[in-house]
Amino acid sequence: LSACSSGGAPSTSSTAGSGGGGAGDNSGYTFAMVTHETPGDTFWDKIKAGAQQAAKNNGITLKYSNDPDPGKQATLIQNAVDSKVDGIATTLATPDALAGAVKSANDAGIPVVAFNSGIDQYQQVGAKMYFGSDENLAGTTAGKRIASAGGKKALCVIQASGSVALEARCAGVKAGLPATENIQVNGADDPSVVSALQAKLAQDSSIDYIVTLGAPIALDALKAMDAAGSKAKLVTFDLNVDAAQAIKDKKIEFSIDQQPYVQGYLAIQSLYLNKKNGNDIGGGKAVLTGPSFVDSSNIDQILPFAKNNTR
Amino acid sequence: MSQTTKTPPSAPAEASNRVTLGWSNRLLARPEVGALVAAIVIFIFFLIVAPAFRSPASFFTVLYQSSTIGIVAVAVGMLMIGGEFDLSAGVIVTTAGLVNAMFCYQLGINLIVGAVLSLVFSLVIGFLNGYLVVRTGIPSFLITLGTFFVLQGANLGVTKLVTGSVSTPNINQMQGYSTLDAIFASSFKIGTVTVEITVLWWFLFVALSAWILQRTRIGNWIYAVGGNADSARAVGVPVKAVKIGLFMTVSFLGWFVGMHTLYKFDTLQAGNGIGNEFLYIIAAVVGGTLLTGGFGNAIGVAIGAFIFGMTSLCIVYAGWDPNWFRAFLGVMLLLAVMVNLYVKRLSTARKVG
Amino acid sequence: MTDTLAEHADPELSSGEPLIEMKDVGKTYGAIRALKGINLTVRAGEVTCVLGDNGAGKSTLIKIMAGLHPHNEGTMKVDGKEVSFSSPRESLDHGIATVYQDLAVVSLMEVWRNFFLGSELTSGKGPFATLRIADMKRIADEELRKMGVVVKDINQPIGTLSGGQRQCVAIARAVYFGARVLILDEPTAALGVKQSGVVLKYTAAARDAGLGVVFITHNPHHAYLVGNHFVILKLGQAVLDKKRADVGLDELTRQMAGGDELTELSHELQK
Amino acid sequence: MTDTLAEHADPELSSGEPLIEMKDVGKTYGAIRALKGINLTVRAGEVTCVLGDNGAGKSTLIKIMAGLHPHNEGTMKVDGKEVSFSSPRESLDHGIATVYQDLAVVSLMEVWRNFFLGSELTSGKGPFATLRIADMKRIADEELRKMGVVVKDINQPIGTLSGGQRQCVAIARAVYFGARVLILDEPTAALGVKQSGVVLKYTAAARDAGLGVVFITHNPHHAYLVGNHFVILKLGQAVLDKKRADVGLDELTRQMAGGDELTELSHELQK
Amino acid sequence: MSQTTKTPPSAPAEASNRVTLGWSNRLLARPEVGALVAAIVIFIFFLIVAPAFRSPASFFTVLYQSSTIGIVAVAVGMLMIGGEFDLSAGVIVTTAGLVNAMFCYQLGINLIVGAVLSLVFSLVIGFLNGYLVVRTGIPSFLITLGTFFVLQGANLGVTKLVTGSVSTPNINQMQGYSTLDAIFASSFKIGTVTVEITVLWWFLFVALSAWILQRTRIGNWIYAVGGNADSARAVGVPVKAVKIGLFMTVSFLGWFVGMHTLYKFDTLQAGNGIGNEFLYIIAAVVGGTLLTGGFGNAIGVAIGAFIFGMTSLCIVYAGWDPNWFRAFLGVMLLLAVMVNLYVKRLSTARKVG
């Protein structure tokens, strides 16, 4: 029942204004965090949890907003500039599209840091620092590990069509294991994910590895493999409690974790340090939070943290 | 008085002009026949191009996929015959599951109690949708778009508030799980193929809906309300009650599929279900239901759901490039609608005698 | 045909008893005043004719009796009790059946379904009771034949019938279901001479079976053939309200501002 | 009123010239046969009356002339050239204006917009030309007043008018725009005696201005007041086709199967 | 003949019953007034709860956001007045941009050529939508749902095929960029606030549409076609041409916004634009357009877009929990529609004289 313990008002409100008052150093800063989250993915819960913790520690008011549409994400950054926040942390899934908005923040003297995506372009776009993993690298590493484990053919499951970040992951897997095929599923509808994967497994019996790009989809894939009587092995990106448990139960081979909690935490913390002391974390280079592998060898240490929503 | 009556002189002469339509014309005029022909055409097409589809197991996977869309589509079809839309039908599925899971998990209550509570909650939402529509006269498209947004937000907001994350905890260790799992999410084997219980439920609901629409007084009222609400009201049909009832039917079957999803997957993402409202509408319309109301039937809607389920999976069975998935789906949709139309034209264009 | 009426009429009606009484009834549609200060009594065994120019408020008057729009001034009593119908169902439940000028039928539905709509025959109680489809088809067909209307197929959507045929279905339905009061809004407008005759006979038969009849028409000749009581509306107010004994066809036609003119016109047109 | 007609009538019309000639025209709606083997000529300066029972095919006949449905048998000539209209626009462009029985108006639009719909007055050419709104309002109001119809506000949506008032707008419009042929489908059905008189006068005036008029009615008396030529349809076929000189009102009424009956009926009803 | 005419006797008497509605009633009966009242209420509400909204800069950000929705909504509103839907309006924006970007990039052609080509391409799609609708009589909801799917799939499939990724290469170094950027995506300063040029374009298109709808023959036809297509056809309105024209207008303005998006962001994601079709419809309907056609106007649609833009950004300005974002949006939508309705009721319920 640990899930309940982390529930309750303080950790949910994006404006930590009231909650943050008591804790730590009350800096009075207001930072905006703008992401390309499609609402409803547990991955972003962890990013937010990390950001909130950093905000709480330093008495920061955090304004979180998100939109998967690059144009609207740019407007949200503009929005933060209009609100005269003290700093902006943003994801750069579509760096070109956001460059203008980041520039207008810089023009207004607001520091911007990037996290989660945009490792190659963050400097060019005008962000001071970067915290995250390299999606492509993560994918490639996973592909190579599958290949070295004897995998012949992998199926990469994309749960939201047209997403740049997800496509990059699958492209990475393909780089590591050339015999990789993509499939698109509707991640918002579990039964349809199951039947689509079931159909795919029936159609191509040579698939021996399935790569899912999010923890909830991994669990659907397990159901599909079960129903199709497939012997394929499962690999996933990201973690949640159930996926961690499945790794422990050896139903999932391994997970490529990029530690979203750390990404959120560092993005806010670095803005704070930069504002307060002019610190530059990473010294001009990207700070990598992943990829790190979670498998049966280290799951026992990680499982409690996953349950805590911090890993 | 009655003695003075005489048969109007020319009536018998007119009778000679009377026609009885041949069975083939009658058949073709039914709303579902076009969809059936389209379904058969698509079915044969995929049997040819997708070898992996040629197995009973695949057929039952398609049926399962169709049933999860088809169950709610039954109700959405009836609602559309009654002249209204429900855009909240997709999220209500998730809402129903979330209410059940979180309520029971947080308070440690038997899941069956939670399922009943969730049912009541869903029916209340359906009632509210219907009540607002009939009370204000605002088009249901807008009212239910409002509830769609509200529920979507509330699903996320409340789940986050209660569980601290955007998905529910796993409920498969809780009391009452096995009973509900058996009802909503079990499956059994016939020979080598696995049949999901939702397929049976789907058939049941379709049969029930077909019977209600064709053979009962309320069915008559549903057609009338959708065909011309003013005229229906003028002859004493309780228009408002019928519409509210239809909205509640949608939320009932939404709840049903919500239960299925919860007990099949044991956990739910709060953001799920969005977009499915259109699949229900597509199923209904491909199945011959008029968007403007007053025409359609249950079998047609079921065939519509089947066409959708078959197309979306058979694209995978055929191994086509997934990037083009949507494009194939679109072409199939247009095709199904056109075949449907063509068949309907045939039925009226043929001469009698 | 008249056996239908005799069978369905409420046997307790006694000629002359007031069925509907309106007192100072008025009605506005938003900013538009359609009726004002109407006093009218519909009695059992009498035909009350309402005449008037286009836009005089005739349809509005009967829509109030039928429960389609509530009145917003004055009082209306049915069987001596004050009512304000909030739906046509209530009016129907009082045995009042109506043929509307512009709200006849549901086009997409079959002829027989339209005939029985709202008063379906079922083999049980409650909304989920099974329909007696065969009976309903037979009766609808019979009743239409009695009016001299033979539709090609009782299963065809009513929208494919001609305007007059649709009107006949609406009339046959009202006659079939009207137990105490029958309201007809320009029933003969779309009909040929023959069918008009049939409708007039029905009207007379309904009167003789003891029903109260409200008959709206533009044709004073038709009205005078069957009416016991005549009301002329003008701009929403009653300008004439007389019993048959007190008014002649001539006066009626003159009041409708047409009698003299028509004769004059006919001279004029014949050159 | 008639100045409108005189102003708008095509000046080149010469009385008696055939404007529309139908030869063996037939029409089926899917499985339903509505018309068969119709021969009919509409001549300038004549009123052709079409009579017939409900469902006889009268509306179908005029819908063919108006270009609403194409005929599927036989030939139709307009001004001597064979045509098969694929849209009402083509028919209108030949100077044929129609009042439909069931397709009158766009309810949500203002009265004056309805009046000019499809033939708007503009101060330029092409679809983007600016409307002459003030003129249109004035003319619509004037034309309606000439018919004795005064709507409360020319800007109100036409859906709020009474049935008869809407019919008047449709008639006034057709009269205003009909340059060569005027087709009226039961124009007087929803009208009071007075307004019916006005419509009959218009009909006669149109005839005298040299237009060809097709007049559909259930009322042989109205028909006989203005008609030069009478056609009776029955079950889609012409059963009588005579000039005024060859047929009397009595025969017409008898043929409509109502004349004798109505007299008989009136005896019967008077008891 | 004319001498024999006399004025019908009772006409003068009737004139006395004639009313002229007061200006306030006339005003209230206009479709956009309800939306305007709703907009003002929401505006004041957010001025109170969202301090960050109280600056000219914020106001212009809201205007910008509204304009990107509002430009396409102008056309969608006209289409809806004409009685049809276009669900492909959201993706066509992306299609237009993709065609321009990829065509020019792959072949190294001047961007202006590509923009023109993309315009032609968009118009062809609009034409096809319209043609299929008027030709087959299938509801536009279905036809455009089909094109929606097809375009969505093709956007992804073709982009993937051409560029190997799901987004286009950056085009800001190509010939013709600066011209097009100036037309579609520039901005200028008034004092301290930045005004995006789309805001001006938006105003222009709204004015144009308002003028067309109210003052031209074609505007009259659009209302007639949407109000009652059969009657309109019967009096000679070219129903099919009007409808096809409206679909092409939608794709023209879709193309326009597509150009803006491309030249503002220099690159495009193939999956963009999905879901926006509903925002356009919402804007139109909140602005008083009837879903069933025949009623509405351009100013109303603009106000509808403004309400949507304002609400969605002001929730952020107010710093509300983004999980609840959709719920707030839903409540605002329902609120706006209800205020709209209430105002319309007022306008007819008031007595005259």
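In this document, chain identifiers A, B, C, D and E correspond to the written order of the chains, with residue numbering beginning at 1 in each.
Here, a residue touches a chain if its C-beta (ideal position, glycine included) is under 8 Å from a C-beta of that chain, and two chains touch if they have at least 3 such contacts.
A quick note: this is a predicted structure, and the numbers were derived from the prediction, not measured.
Q: What is the chain whose Cα centroid lies farthest from the Cα centroid of chain D?
A: A
Q: Most remote chain relative to chain E, going by C-alpha centroids?
A: Chain centre farthest from chain E's centre: C.
Q: Since chain C and chain D are copies of the same chain sequence, what is the angle of the rotation superposing the Cα atoms of one on the other, rounded to the nearest 5°?
A: 180
Q: Find the geometric centre of each of chain A and chain E from their Cα atoms only, then give the gap between the two centres in Å, rounded to an integer.
A: Inter-chain centre distance comes to 35 Å.
Q: Rounded to the nearest whole Å, what is the centre-to-centre distance of chain B and chain E, using the mean of the C-alpha atoms as each centre?
A: 31
Q: Determine the centre-to-centre distance between chain D and chain E, using the mean Cα coordinates as centres, and give it in whole Å.
A: Averaging C-alpha atoms per chain gives centres 41 Å apart.
Q: By residue number and range, which residues of chain C touch two or more other chains?
A: Residues 29, 32, 53, 152, 194, 201, 204, 257, 268.
Q: Mind pulling the chain A residues that touch 2 or more other chains?
A: Where chain A meets two or more other chains at a single residue, that happens at 12, 39, 161.
Q: Taking each residue of chain E in turn, which ones touch at least two of the other chains?
A: Chain E, residues with two or more chain partners: 4, 10, 14, 17, 19, 21, 152, 156, 321, 323, 325-326.
Q: How about chain D: which of its residues touch chain E in the complex?
A: Per the touch definition, chain D meets chain E at residues 1-3, 5-6, 66, 68, 87-89, 91-93, 98, 100, 103-109, 113, 116-120, 122, 127-131, 133, 145, 147-148, 150, 152-153, 155, 173, 194, 198, 201, 205, 208-209.
Q: What does chain E use to touch chain D in their complex?
A: 1-2, 4-5, 7-8, 10-11, 14-15, 17-21, 26, 212, 215-221, 223-224, 227-228, 230-238, 290, 294-295
Q: Can you list the chain C residues touching chain D in their complex?
A: These residues of chain C touch chain D: 29, 32, 51-56, 59, 101-102, 149, 152, 160-165, 167-168, 186, 189-197, 200-201, 204, 218-220, 225-226, 253, 256-259, 261-262, 265-266, 268-270.
Q: Quick one: which bits of chain E touch chain A in the complex? Just the residue numbers, please.
A: 52, 55, 57-58, 61, 64-65, 68, 152, 155-156, 165-167, 170, 194, 261, 264-267, 269-274, 313, 316-317, 319-323, 325-326
Q: Considering only the defined contacts, which chain B positions touch chain E in the complex?
A: That would be residues 136-139, 141-143, 145-154, 156-157, 160, 166, 278, 282, 285-286, 291-292, 321, 323-331, 333-334, 337-338, 341 of chain B.
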